[in-house]
Structure formats: structure tokens, C-alpha cells
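Structures follow.
Shared between the two complexes below is subunit A, which pairs with subunit B and subunit C, respectively.
Entry: the complex of A and B
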């Protein structure tokens, strides 16, 4: 964190009083107050460092289909621990009933499972939860981690892997073709 | 005057500091995205209910030589094409069935599905499936949008047309290949 992006506000008091006292030799002026307030903006960022494109080349009906490689996610923050209790990372689909679509059909988010072994869903969990602090969609979200913020980690980051799979067990036979969708990752403070 | 100014500025400073702190609860990052793609490959399969069809006793100079029927299920899940075709074929048409060195050619073996008329296995390949003079197109099912995913079950009847033919006593065995192809 550099100082450059931080806003700096200087509040100067007493300049009018100093000009008035200039002609009074030996007389002390009243002590004035100089208040300095520097406001540093909070920082919260999420970056997918690898695995931003996930692909299953050949789906198998009525079976669990894992995406072959994890999504590597880096979350960084610079926060005031006095005002921030935690950072949460949320994964969500904008339209849960159509997490993936194509070939004339849809796969709902209930069939998309995620896990973050360094986070909260250490076992594969359907992306069917609600929003976290306003981030996510009803029935189409998954809280990936909650990071407590304190003085020791107010400026920090963490790296996690998100594993994804499709559970087509009992799902109707898919028509041949390609389905696609976008999973959104977003962090929020509480 | 000084007290008023000092108070106002102090309040301003506190307000600014307060607003910065309040912004930290509910602060959100810019969204990052993961693009997900999953592909279901096209499929086409043929499954007979039985791998064996038998004819207990051959009658020479007759068409009354019908093997036990076999139900064949053809299943498809496609993205393109206009028809699904089921082809039956013998690898060596001159020796469709063999009893030692005695052979029954494919031209004397006839097949049909459903109520179709029997026809000999002496046609050419369909869509690259089959062999010249040893094949028979058993059905051609039109497909398109809305029917790219489907299946059908057919009873396959096979018989020997031995009209004008005398066979040698013994067991004649052979292999009929069933294969579907999309065109």
C-alpha cells in the first residue's frame, strides 16, 4: 500500500488570528489547533490467478463430472479492523435456474457443486445458498470463506483453490452440444 | 468566533473520518468471473437384446428358415444430420455362414425390420458402413431439430432363402454386424 492513492485532508485553523496579532510586540496569541485528517480508502479485491476458463470436454449423463483443474483465487484487502469484522468471498450465478445453458437446455446451480478446502465448503456443496451481505443471488450462491479481520491482518491477502463439478446424477439425459455459463466471485466486508 | 470555527472544523473532520470508516462495512470488490463450458458429445448406439439368433433345422429349397428374432434398440443424441440409418452387413459376403468349407453367401441371407419385406444382404455400404454386396439398409430414420435425441426398438428377422439350394448337414455359423450411421 503506497501513500499516493490516499486522499489527504488538512484542516488548518487560526490563520486569521495570526494576521491580527502581527502588530502586538511581546504579546502572546492564543494557541491554535491544527487538525490533520488523512483518509485512506479501503481496498478489497478478488483476482482469478488461474483457471478462469473451466471446461469439461465430454459430459457423462447420470454421473458426477468434475472440472479438471481448480480455480485459483487471490483475495486482497486493506481495511480498518475497527470497522470491519470479516471479509467474505461469495461465488454466485446471476440466474440460478440457468447456471449453464445451451443445446436447448439448462443446468441449474443446484447441479453445480463447489468446494474450497481452505475455506468453508470443504466438501463439495451445491451453489444454492443465499446472498452474503447483499452479494450473490437467492438460491444461487455459495459462501467460500469468511476471514476475520483484526489488527494483525488488516492489510493482507489469501490464496485459495476453488474446485467445481457438475452432479448430473438423476438428471435428465442431456442433449448433445455445449453448455456454458459464468460463475461470479465477489468479496464483501461485514 | 474562534470557538465556532474550531467546532465546525472539528465536526467536519470527525464527519469525514466517520464516513470513511462506515464505508468499510459492506464494501464489495469488483466481481471476478469464471467461464464454465461443458460439452455433451454426440452419441449413436445399437443394442441387440440377444447376441445370438438360432435356426434349429435348415430346410433346403425353402424360405422357411427363419432365425429367432432379435430386438434391436438404436439410440441417438445428435447435433446435426438428417437421418439415422441402421445397416446389417457380413464382413465376407461370399461366406456369410460357414459349415467347414461349405458356405452360404449373404445373397441367400435375408433380413427385415418390422413389417418390411425380406431383402437379401447384397447391397452396398451406407454412409461408409457395410461392405459391397454384403449389406442391407434396415431402416432410415429422419432426424432434425426436436428429434436429434431419440431411440427406437425394432424386431429384426433374419432368414435363409435356400430356394434352389441344397446344404450340407452340419452347423452353419456366421456373424451379422449391425451398425448405425448418421447422414
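Entry: the complex of A and C
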């Protein structure tokens, strides 16, 4: 939210008041007190501080394969607690059926597990949930945390680690080659 | 009643109405952020995921003399693989090896040995065109008997 729409409203109100005064030739209008409220723009940001590229150099068929290092995520906000109840961080794949693809095959998001020990999925959970407040994809999302907003933390941030793994148990033997995919992280207020 | 040059007339705005408009406007201003902060989203951030399934070839030879060769090879890499037999000591034994397609057994193609450590090619399997993953079984045998150790190795090229 920027100040521009509110500034425009103030200008329109001022114009209306001035037109009324001009129409009253020879009359003095009653003095009006106009309260101006300036509210700074809300801020909500997500930064991947490390681990933006996750790599498994040698996959093992029919086994759980963990990505060696976590994704370090920093989430910051500056919100009005009277108008925002919480902040959610969501991880999602744009195309859940093809979370990773390459070498003539695809790995669905159901085979990609995420864990955030400081968040909601404290145990490894398949990325198969639905969107949160419109953020994410059906069957390809995972809510990582819900942060309640109040007066004490209306301007704050938090740091979390996201651990990822591929569960290839029972999955057909992968052809040799490299698969790639993109996991999106996005925060949303509610 | 006020008049403007065009001849149109309008009533002056009563102060009560003016106050009501101002109040409504201010309420509208104050209400604006409430709807804006619900569903406020951050910029999306991307995490790239890469996972590599390495090429692999396995060769097993149980006592029945049937060599099973299984492969899973990145088609972007080699074009063929070759199974070779090594004999580490002088021995004279005629070897049988396939020259046809998978599971085909051909007549002997050569000797497994000379008086020096010997190598013979048992088959060359093309890779690609859908043959990146596969398995074949080949018989390695010969008349008579010989002592010594036989090493089988697959190489790709």
C-alpha cells in the first residue's frame, strides 16, 4: 500500500470544499477541522540468505535423498497490527506434477519434502498442500510458518531454515542425468 | 441561491453536509489501509533445485557363466559401452561371446588368452536412441577347463 491513493483522496476533498466555498459568494462558511492521517506503507519481504541453489550430486534410486544444506530464509515486515492478524510464509512449485524435471522424466511435488523446525512442518512433509490466502498452487504448496502480528512485533523479522529432501522410495528408477526445478518462497498477510 | 456565468444555479453546500462529506472522506482514508494489508504479499523468491542421477553400469557373473550387464547411462555422454574380459595369467581357453543383440549368443569370437595377460572384447552395446537404460545377459563359456581368474569390465566410449 502506498500513500498515493490516500493523497489523491485528500486532494479531492480539498477541491470539493473549495468549490462549496466559491459558490457561497459573500458568505463565510463555518471553519472546518480537517484531520490528516499519514500512514507509512506496509512492508513485507522475504530474503534467501543462503542455500538459494540446492544440489544433490548423486541421487540414489528407491531411497530418501536429502539436500545437503538448508535454505536460510529471512522474513521481515512492518505492519499495522490492527489490520493484519498474521504473516504466513509459503513454499510452492508452480507446476506440482513437475517439481523437478529433466532426463526425460519428472518428479512431482509429492516426492519433495520440506521441514522447518522453527515453523509449522517440524517433520518432513510433502509439498502437496493448497494455497494460503491466494499464494501457492493447489497440491503443490507447503505453509512454512504462521507469525501472529501484534503491537510488540509489528515491525520485526525472523530467520528460519528450510530443509529439503527427495523421497524416491518406490519411485521408478531414474534415468541418468540431471533434473532441475524451482521452489518459490513467498510471504502473505492475513 | 448562487449563480454562475452560464446561468445555472446551485444551492450552497450546507455546512452540515460539508461536515458529513469530510467525515466520510476521512473514514474512507482510514479504511483504505485495512483492505490493503490483508493479502499483502512479498516478492517471490526462488530456490533452484538440482539433482543428478549418475550413470551406472553393473556386471554380475554367477556360477552359471551367464554375465548380466545392466546400465543406466546419461544419453548426453557416451555412445557405446564395451564389455571386456581380462585373464591375468597364461591360459588357453576358447571363449564364447555374443555379437548380436541383447541375449543373443554367438559362436566363439576368439580366445580369451595368450601367454600374456589377455583382453578380449565380448560385446559392444550402442547407447542412445532409447537404450540409455537396459540389461542384457550373455554367456561366457568355452570347451575344456582352465584355471585362473577372469575379470570382466565395462567401459564406455
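The rule is short, and it goes like this: the second predicted complex is superposed on the first by the 157 of 190 C-alpha atoms of A that agree within 3 Å, B and C clash if a C-alpha of one lies under 4 Å from a C-alpha of the other, contacts with A are read in each partner's own complex, and residues count from 1 in each chain.
One rule holds for everything that comes next: a contact is a pair of C-beta atoms (placed from the backbone, for glycine too) under 8 Å apart; a residue touches a chain by one contact, two chains touch by 3 or more.
Predicted, not measured: the structure shown is a model, and the values here were computed from it.
*Asks:* Between subunit B (first) and subunit C (second), which does A:181 come into contact with in this model arrangement: first, second, both, or neither?
*Replies:* Both: A:181 reaches subunit B and subunit C.
*Asks:* Is A:155 in contact with subunit B, with subunit C, with both, or with neither (first, second, both, neither)?
*Replies:* After superposition on chain A, A:155 lies in contact with neither partner.
*Asks:* Just subunit B (first), just subunit C (second), both, or neither: which does A:34 touch?
*Replies:* It touches subunit C, and subunit B stays clear.
*Asks:* Regarding the shared-chain residue A:122, is it in contact with subunit B (first), subunit C (second), both, or neither?
*Replies:* After superposing on A, A:122 lies clear of both subunit B and subunit C.
*Asks:* Just checking: does A:59 make contact with subunit B only, subunit C only, both, or neither of them? Give me first, second, both or neither.
*Replies:* both
*Asks:* Go through the superposed model and pick first if A:45 touches only subunit B, second if only subunit C, both, or neither.
*Replies:* Both partners, subunit B and subunit C.
*Asks:* Once the structures are superposed on A, label A:80 by its partner contacts, choosing first (subunit B), second (subunit C), both or neither.
*Replies:* It touches subunit B and subunit C both.
*Asks:* In the superposed view, which residues of subunit A touch subunit B and also subunit C?
*Replies:* 9, 13, 17, 30, 32, 35, 37, 39, 42, 44-48, 51-59, 61, 65, 67, 71, 73, 75, 79-80, 82-84, 99-100, 103, 107, 112, 133-135, 162, 164, 166, 173-190
*Asks:* Within their complex, state which residues of subunit B touch subunit A.
*Replies:* Going by the criterion above, the answer is residues 2, 5-6, 9-10, 12-13, 16-17, 20-43, 77-79, 148-149.
*Asks:* What part of subunit C is in contact with subunit A in the complex they form?
*Replies:* Those residues of subunit C that touch subunit A are 2, 10, 12-13, 15, 18-19, 21-22, 25-26, 28-30, 32-34, 36-56, 72-77, 132-133.
*Asks:* Going by the contact rule set out above, which residues of subunit A touch subunit B in the complex?
*Replies:* 9, 11, 13-14, 17, 30, 32-33, 35, 37, 39-42, 44-48, 51-59, 61, 65, 67, 71, 73, 75, 79-80, 82-85, 99-100, 103, 107, 112, 133-135, 162, 164, 166, 173-190
*Asks:* Under the definition above, what is the set of subunit A residues touching subunit C in their complex?
*Replies:* 1, 5-6, 9-10, 12-13, 16-17, 20, 23-25, 27, 29-30, 32, 34-35, 37, 39, 42, 44-48, 51-59, 61, 65, 67, 71, 73, 75, 79-80, 82-84, 91, 99-100, 103, 107, 112, 133-135, 162, 164, 166, 173-190
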